[in-house]
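Order of writing sets the labels: A, B, C and D. Residues in every chain begin at 1.
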């Protein structure tokens, strides 16, 4: 089994105008930098993007926003991005805000064949409008539906030709659940290793969820909030 | 009137040994600096980390190790990393004993509003709605009044809600209050702050029962 | 009439390169021995393993590495281990392309019964109900008739169901059949078995359309 | 944070007659052998046991069945156990059979604060009787409820004082999801290591789900179906 594709451009082949894509990452941490660059090159438009955040003006999904390639964002938090704000206020960009835990669980559910589930998150808020409410253990819950996508673009630390993935630190975040929920899942990795190099007991995401894999390059890994203490 | 650091210091007194704690952005983050002697707590950040340590030393920061505020952090011995769905499984499943977060408004029923101001750019609720809907123990850290001097402890929230009937305790620059079935119950006042000042600064129903002690910080 | 091994061999011809496959206990397990040249498939076992390899060499068996039949197995390069919830996430989420399992009865609508016989000790359905309710592609491997010579391909199942309208293809000791909207469609007959024999052995609606070729094994 | 308890007897303190317990393992693989032995010693009765299987006559949960400590089993498969069969047929033992995937997902849901979810498994069968049916994507699904337990008893390979767990091979199985669903979760491990010895990036179950941990001993790890090939 060999899921390796030659380049980021090959990896995103088949993403068409108007499709729904999931993009892994939290803030700028663990985002598929090479896939995003390939999408900019491809110029595909009218995308619905499911991603926890929307990048910053000149990095991450912000690069797609600059080129007006995104029609709709489905996210939990979209601050720190002026172009996003401009497009949203002007009505060019549709935005669907979802509680972060519901977003994660809805992606997992989409990948796991669970079409809907009850969660307490958002009950009594505008998020619950139009949604079924049911009490369990004396506490009201709302019914949330699974999310899936035509393509999921994720970033891992290491991967093998079988599509098995290992993530590093908090760059894991939404990547595994989105990989589960993509009809076609593309994984870019910092290091592509030989079959057998990854310990089967310590694989974060089994390759069964990944259809295409390639080694990315030139990772910038920009830090949004560099916070440090001095050694004194 | 308490400073931001003192609000955090007072909240830190609520920590109990063995608790897992999720701290929101702003004043709540400062709580980590005032853990009482002799107790051990673990900090959870909803982007997928348990056992969060202090900020890294200059030059050792790692882009792949951040907290939910997108700040570079460290991880302590005994910590762990996980994906977003397991992170919220912990939160929703009530395995995290305490959530501390900021608010724009809290109602006397414990409703909280902290994510959206109509007419202003909406950035999103992030994990706040999951946290407030799930946690058994929610402490709000905030100033008692807003910039225009209006009370943030209200009869009813005026802003879009983040969660309903969920806040258990509030620590402001003026007071410590419990949210009870009958309304806000005044427990402590900030050093030098009179009960009268607190009454004037609280729009929602305030229960003042007997002598109100000064906070010990 | 095909032997058990030959049924497995015929089913193996249905495998396609790159597929993930879950094999049930009994004849289905034997399919792994007949993977066609030049294609690569991965075997999933619902207790939490992908990339299952052959049985271990004597003396190297590991109590911590078994398949869903509780047999000691090995794991191949590129395999992975996971918990039961992720295992069924794969199955329910249709990431496994083919499920092969045995059956006591199959109806002409594709209903399957393979877990319970009233009056007998019920051992349980294990993962069978999840598998049949989820997989897009289910092949049943079984004998065409039971020990009393009665057809197992029925108009309606008489035993408690495992799943409804889910079986896509059946390979028996007598024939290969598709389950279509109109009933069982005869595709191939076992070497030396006449169409007449298959008709007599099939209680459910059987569609015989033109010349029926012999299986190539 | 130190969750270490001195012994298996201490670890199961508080398990009372009539309680519901989850017991990890698949067949005899990855079962908490020391906890089960302690339950036999304690003699606690009338237990409801949620476990994928029921052991064999003289090992695993079979040991509790022998002593008639179990009132009800909630499992997906209970073969290979004559005493079980005898008690079930005589009506001494209640048995609730659940599709294996639904069992796993219901435990995970119990631990994850998801009170109910829709699954296709069991639709149209007796499992669906009395359960709500709803079609999603043109396919009928049934509503299944979360499972929780007073205690969850799980077995891991390695663990640390924080309760972090690492499993070995297919001994992982139901252990992580049951650990999530226990009000009090007891983990027995083959090797208890110092804090910091387990790589935070490769922990299978974060310690937040575990309340008590101890190092077990005398692991028998019986094999149910020893299948081998000869070297020739």
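As a convention for this text, a residue touches a chain if its C-beta (ideal position, glycine included) is under 8 Å from a C-beta of that chain, and two chains touch if they have at least 3 such contacts.
Here the structure is a predicted model, which is why all the values come from computation and not from measurement.
Asks: Could you tell me which chains are in contact with chain B and with chain D alike?
Replies: A
Asks: Between chain pairs A-C and C-D, which one is joined by a greater number of C-beta pairs in contact?
Replies: Between C-D and A-C, contacts are more numerous in C-D.
Asks: Please name the chain that ends up farthest from chain A once chain centres are defined by their CA atoms averaged.
Replies: That would be chain C.
Asks: Would you kindly tell me how far, in whole Å, the mean C-alpha position of chain D lies from that of chain A?
Replies: Taking the mean C-alpha position of each chain, the two centres sit 33 Å apart.
Asks: Quick one: report the Å distance separating chain A from chain C, using the average Cα coordinate of each chain.
Replies: 36
Asks: Using mean CA coordinates as chain centres, what's the chain C-chain D distance in Å?
Replies: 28
Asks: Taking the mean of the CA coordinates per chain, how far is chain B from chain C in Å?
Replies: Averaging C-alpha atoms per chain gives centres 55 Å apart.
Asks: Two-or-more-chain contact residues of chain B, please, as numbers and ranges.
Replies: Residues 75, 81-82, 88-89, 91-92, 134 of chain B touch two or more partner chains.
Asks: Using the touch definition from the top, which residues of chain A touch two or more other chains?
Replies: Only 105, 108, 112-114, 119-120, 167-169, 201 qualify.
Asks: Graph of touching chains, which shape: line, ring, star, complete, other?
Replies: The chain contacts form none of line, ring, star or complete graph.
Asks: Tell me, which pairs of chains are in touch?
Replies: Touching chain pairs, listed by label, come out as A-B, A-C, A-D, B-D, C-D.
Asks: What part of chain B is in contact with chain A in the complex they form?
Replies: Residue list for chain B touching chain A: 45-49, 54-73, 75, 81-85, 87-89, 91-92, 111, 121-130, 133-134, 160-165.
Asks: Going by the contact rule set out above, which residues of chain D touch chain C in the complex?
Replies: Residues 26-30, 52, 75-79, 85, 88-89, 95, 97, 99-105, 107-108, 119-127, 157, 167-177, 204, 221-231.
Asks: Using the touch definition up top, name the residues of chain A that touch chain D in the complex.
Replies: Its residues touching chain D are 105, 109, 112-120, 134, 136-137, 141, 145, 167-169, 201-202.
Asks: Which residues of chain A touch chain C in their complex?
Replies: 1, 108, 110-114, 160-162, 164, 180, 195-196, 200-201, 203, 206-209
Asks: Name, in rising order, each residue of chain B that touches chain D in their complex.
Replies: Chain B reaches chain D through residues 18, 20, 40, 42, 44, 50-51, 75, 77-82, 86, 88-96, 134.
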